[in-house]
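Listed below are the structures to be examined.
Both complexes below contain subunit A, partnered by subunit B and then by subunit C.
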Partner chain A sequence: MAELGTIALWLAVGLGVYGAIGALGGQVRGSPLLSESARRAAYVLPLVLTVAILSLVGAFVGRDFQVAYVARHSSLDMPRIYTWVAFYAGNEGSLLFICLVLSALAALALALAPGETRRTLGWTAAILLTVQTFFLAVTAVMANPFETLPLAPPDGEGINPLLTHVGMFFHPPALMSGLVAAAIPLAFVMGSLIGGKTKDEWLDAARQWGLVSWALLAVGLLLGSWWAYTILGWGGFWFWDPVENAALMPWLALTAFIHSVMVQKRRGMFRMWNIVLINVAFGLALYGMFMNRGGPVPSVHSFGASTLGWVFLVFLVVGVAVPFAVFFCRFPALTSSRSLDSMLSREAAFLVNNLMLLGIAFVTLWGTLYPLLSRLFGGQEITVARPFYDQVNGPLLLGLLFVMGVGPLLPWRKATPQALRRALLLPGLAALGTVALLAGLGMHQGYALAGFGLCALVSAGIAQEWWRDVAERQRALGEGYLRAFWRRTRSNRPRYGGYVVHLAVVMVALGVLGGSLFDRQRDVLLVPGQTAEIGEYQIRYLGTVEQPFGDRTEYVSTVVVQRDGQPLTTLYPWRAFYPSQSMAATRAAIRSTPVEDLYVVPSENRADGAVVFRLVVNPMVWWMWTAGPVLVLGTLVCLWPQRRVVAVRAASPLTAQTGRQSTSG
Partner chain B sequence: MPPPPGVFDEAEAQSIDRMLMCPICPGESIDQSQVELAKQMRQRVREMLAQGTTRQQVLDFFVERYGPTVLAAPPKSGLNLLAWVLPVALVAAALAGGFLALRAMRRGNPEPVLDPYLAAVDARLSSSNLAEGQGRPDNNG
Partner chain C sequence: MAGLVGAALALFVALVVLYPFVRSRFWREESATPKPPQDGQLELDGIFSAIEELERQHRSGELLEADFQEQRSGYRQQAALLLREQEERQQKADQALEQEVRRARGVAEPPSADGAVS
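What follows is the complex of A and B.
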């Protein structure tokens, strides 16, 4: 198995090098034959890498401990199902996975490239294949997962217990794919620029692939939070860990990009700014991979020290410097065709949204880097963790919610006072009403009032706009409401898909507000038969059963939950000890409802059967996990191919009167 | 975990827990971490609070023991004030810069140069006797 993998991996390296050089040569010398050949190399790469991945998975499933990487990340005792995904438990396999995903997405992107990008597709292919070659070469030379041991050990070292969780099937692939997919919009933008196409040629391709990368990162981030929530055993879902941050930052930059690019699409503005944004997003994605694959900062994601850090750092510098160099070389040719009509317009709101998003990304980057800077220049060791981000990013996130509420209500170009009143009146009243209601009910935290008020603003704004659009169509065409809704939504997918995603963001915001401002928490020591209270819940601990497995001993506790004396449910939180790793892992038992989560996790098992439980009541966290599917739905609506509207120059009635040529396309 | 003598505010204790890092676990506060040391530190926080110690004194006590890295965020004093002020100042500067850039973009174009056709449409719309709410300027963005 390992030999097959090695052959496939080196074949892939060869194909990558050939493809990159061929694409470059084909473009420079204008040889369509060479270009076509290089493109076919890009199409073959995912197939070859699939063979490599399959042989690695085969080695894991077949317990082939002769392969050093398999021996280091699995064991005979580990749950069988996880042998299928254990291959990305370490650096080597993760890199191979990144190679496969990038090659598959790149092949798809090249095959589906829209007509405007065809002339410069050689440059795009060369860029994508160069990035692929980098990852392939690093994998083959420095982190080869197929290296074999002279003698097969009888058993492997086992997988990190934290990784044997359902999340393992989804979170790492989603995040790695999202990070690496950021290379595709960049390759389209850079390909066009290098090829001298300085208008909007790259726009559709970059927007679509930017959305793909953005959605994958969003899903990965949500899944990671959910995983942390169920397994880390402290009752929270996000703590600004350096590697969490590293995935959040490119997501923020991409969020700015997919918004700002719409301004370019609709109004022909912000072209240079969008190029800067995608460069920044790609740079941050590389930074994310650097942090994940050998970063210098302690994190729960540390997969063991590795020498890969320096290689990634060099690639990061090149990956930021080259795109910016190209940008500056093309600078004079890039001016946008139109300028701003009014500060009160959607264009202006988009720019503010962009600056806020980049601001949050910068604060996050600053927080991650400050300990390093402090050590280098001040000679002082300092920690920057959750309280810093909560205090600095908290207000910025609220500001972002505000822009998200107001921006979509502003018309393009210019808002007249009447239009403004008409758009903002109801959502504004909804926000104020919500604040007044909550304050009347006794809520007094400023953050919470502002947050919920802004959530109401966003939701009411979306409901109002959608309703008005549907009602307009219903009136104009006499269609039924459902039909009008369906047709109207289909007619402008980016807009309505965006609304759906905004609703998902509101749901996440509700979860974050509830879970971080209104959580109640207790640590209690209970002997069997004893009861503890938290909120309205009575938690009665019945006892713990010890279950020995090959690699671990599980201590499954039974707790009966009552609310105000009424029996509610029985929960089975457990804690496992892994002697070979001398590590414990917990699994919280969570009763989740839209109102609140009751979270029970054993944090210490005593010999006499007594258990220390952490009990947490987390209001509204349910909404955050439910937001995931909503977000995916919204993205699909945005991405679903739409029949292209071809602009046709028509003589306007005025052209005839004034005798002047219309200037609008 | 026997309850320490005296009375203290558990919410205050938890908020202090979240401001202290566990010295031996990467990136986790003592509120999060389940290692023995974190448990002892949580216990110590509660004991000190029960004896009437203030939040700042509790933090100082741990800084003296484990060094400044035990604090989850840099203190807002001295050179470390930079950690807090610089990002806020930069974000404010960026927003101000964005505002100026937008104004400059508009100044360069004081009277929106509209296509004559669009201008006529605008004029018709603003003087239209269409029912209020029918002539929305934007419904396709």
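What follows is the complex of A and C.
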């Protein structure tokens, strides 16, 4: 298996090099045959890498401990179901996974490239294949997962216990895919610019692939939060850990990009800004990979023992410098003849949204870099923790919610007083009503009132717009409401898909507000038969059972949950010790409802049967996890292909520009 | 065994990647195959959807009157152009069919304007 994997990996390296040079040569020399051959190299790469990956997975399944990577990340006692997780548990395997994902997405992007990008597709292919070749070469030369040991050990070291969680099947793949997928919109933008196409040729391709990367990162971040919530045992879901932040920052930049690009599509504005945004997003994605693979800050999320940090640092520098150099070279040709007509317009709202998103990204970057900078220049490492992020990012996030609520309701170009009143009256009343109701019920925290009021504003705005659109169609065409809803949604998928995504964001905001501002927490030492209280709940600890497994010993506790003396449920939180790794892992037991979560996790098991429990009540966190599928649904609606027409843009004082685009937005 | 599978994989990859050169060497005519013309109906549907969306935005106050008029006029021009192209295609197809039918019946072609028979 290892031999076949090695052959396939080196074959992939060869294909990558050939494809990159061929695409470049084909474009420069104007040779369609060479260009086609290079593209075929891109198409066949995923197949070759699948062979390599199957070889590695096969080595895991066969417990082939002669393969050093298999010996380091699995053992005879490892449940077989975690074979797939073990495959990307280390630097080598995860790099191979990244190579496969990038090659598959790049092949799809090249095959489905819109007509406007065809003339410069050679440049795009060359960029994508160069990035792929980098990852392939690093994998083959510096992190080869097929390296063998001179003598196979009788057993492996085992998988990291923290990875034995269902979230691990999706969280790392989604995040890794999201990070590398940021290369695709960048490649389309850079390909067009290098090829001298300085208008909007790259717009549709970059928007679609930016959305793909954004959605993958969003799902990865949500799943990562869920994993941290259930397995790390501290009762929270976001720690502002440097590596967590490293995945959040490109997501923020991509969020700005996928909004701002709609303004370019619709009004022909922000072209340069969008190029800067996609460059920043790609740079931050590279920074995320650098932090994750041997970066200078240790984290529960990173491959701590990696020596690849400097390679990724060099790639980061090149990956930021080259796109910006191309941008500056084309700068004079990129100017737009249009400007903002009014600050009370949708495009102005999008601009404010962009600035806030980048503000949050910058604050997060500063907080992530500060410990390094303080160590480098001050000689003493000063860590930046949650209060810093809460104080600075909190108001920005509230501002973002406000813009998210108001922006889509504003007209393009300029809002008249009548249009403003028509758009904002009902959502505004809903927001004020919510604040008044909550204040009347005894809520006095400013942040919470503002947050819930803004959630109401966004939701009411979406409901109002959707209802008006459907009712109008129903009146005009006499269709049933359901049919009118379906037809109206189909007629402008990016708009209504965006609404669904905004609803998902509101759900996340509810979870964050509830879990951050209203959480209650207690650490209690209980002996069997003893009861502790938290909120309205009484937690009765019955006892702990010791269950030995091959690789661990589990201590499963039984607690009965009551409310007002009535039994609600029985929970079984557990704590396990892994002797081969000298490591303990916990699994929280959670009673989750839309109103609140009751979270019980054992943090210490004593010899006499007493257990230290952490008890947490987290209001509304359920909404956060439920937001994931809603977000995916909204993204799919946005991405679902729609008939494309030559867009006609609104009047411009100087020139009217057209491009081959749809009219959505 | 692994070497054999690897060699087969390498051979397959080489064939796929080098196929364009082989094709151009031996089957030059393949690339000259003309693509069937599209009837433009899909684009037309797209334009009608765009006009419908524009009217919705206008009614809901999202678009200024002047922008609405200008954009709708632009889409209408595109639609008219496509419809004219469709009509021309249809006329050509009808003429060709008529000629076929005439030939089949052995009827002489009507003289053209300059008196020649095509």
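Just so it is clear, the second predicted complex is superposed on the first by the 643 of 665 C-alpha atoms of A that agree within 3 Å, B and C clash if a C-alpha of one lies under 4 Å from a C-alpha of the other, contacts with A are read in each partner's own complex, and residues count from 1 in each chain.
Methods note: contacts are C-beta pairs under 8 Å (C-beta built on N, C-alpha and C of every residue); 3 or more make two chains touch, one makes a residue touch a chain.
It should be emphasised that the depicted structure is a prediction, and the values quoted were computed from it without experimental measurement.
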First (subunit B), second (subunit C), both or neither touched by A:44: second
Which superposed partner A:358 touches (first subunit B, second subunit C, both, neither): first
Touching partner for A:33 - first (subunit B), second (subunit C), both, neither: second
First, second, both or neither for A:18, with subunit B first and subunit C second: second
First, second, both or neither for A:66, with subunit B first and subunit C second: neither
Partner contacting more residues of subunit A (subunit B vs subunit C): B
First, second, both or neither for A:468, with subunit B first and subunit C second: both
First, second, both or neither for A:412, with subunit B first and subunit C second: both
First, second, both or neither for A:581, with subunit B first and subunit C second: neither
Partner chain(s) touched by A:387 [first = subunit B, second = subunit C, both, neither]: first
Common ground on subunit A, meaning residues reached by subunit C in one complex and by subunit B in the other: 346, 411-414, 416, 419, 422, 468-469, 472, 492, 662-664
Interface residues, subunit A side, partner subunit B - complex: 232-234, 236, 239, 241-242, 266, 297-300, 302, 339-343, 346, 348, 351-352, 354-356, 358-359, 362-363, 366-367, 370, 374, 378, 380-388, 391-392, 396, 411-414, 416, 419, 422, 468-469, 472, 492, 495, 521-523, 525, 584, 586, 603-604, 612, 652-655, 658, 660, 662-664
Touching residues (chain side subunit B, partner subunit A) in the complex: 1-2, 10, 14, 18-19, 21, 26-29, 31-34, 39, 42, 67-74, 79-80, 83-84, 86-88, 90-91, 94-95, 98, 101-103, 105-106, 108-109, 112, 115-118, 120, 126, 133-134, 136-141
Parts of subunit C lying in touch with subunit A, wherever the complex brings them together: 2-3, 5-6, 9-10, 13, 16-21, 24, 42-43, 45-47, 49-50, 52-54, 56, 59-64, 66-67, 70-71, 74-75, 78
Of all residues in subunit A, those that touch subunit C in their complex: 1, 3-4, 7-8, 11, 15, 18, 33, 36-37, 40-41, 43-44, 48, 51, 346, 411-414, 416, 418-419, 422-423, 465, 468-469, 472-473, 491-492, 642-651, 662-664
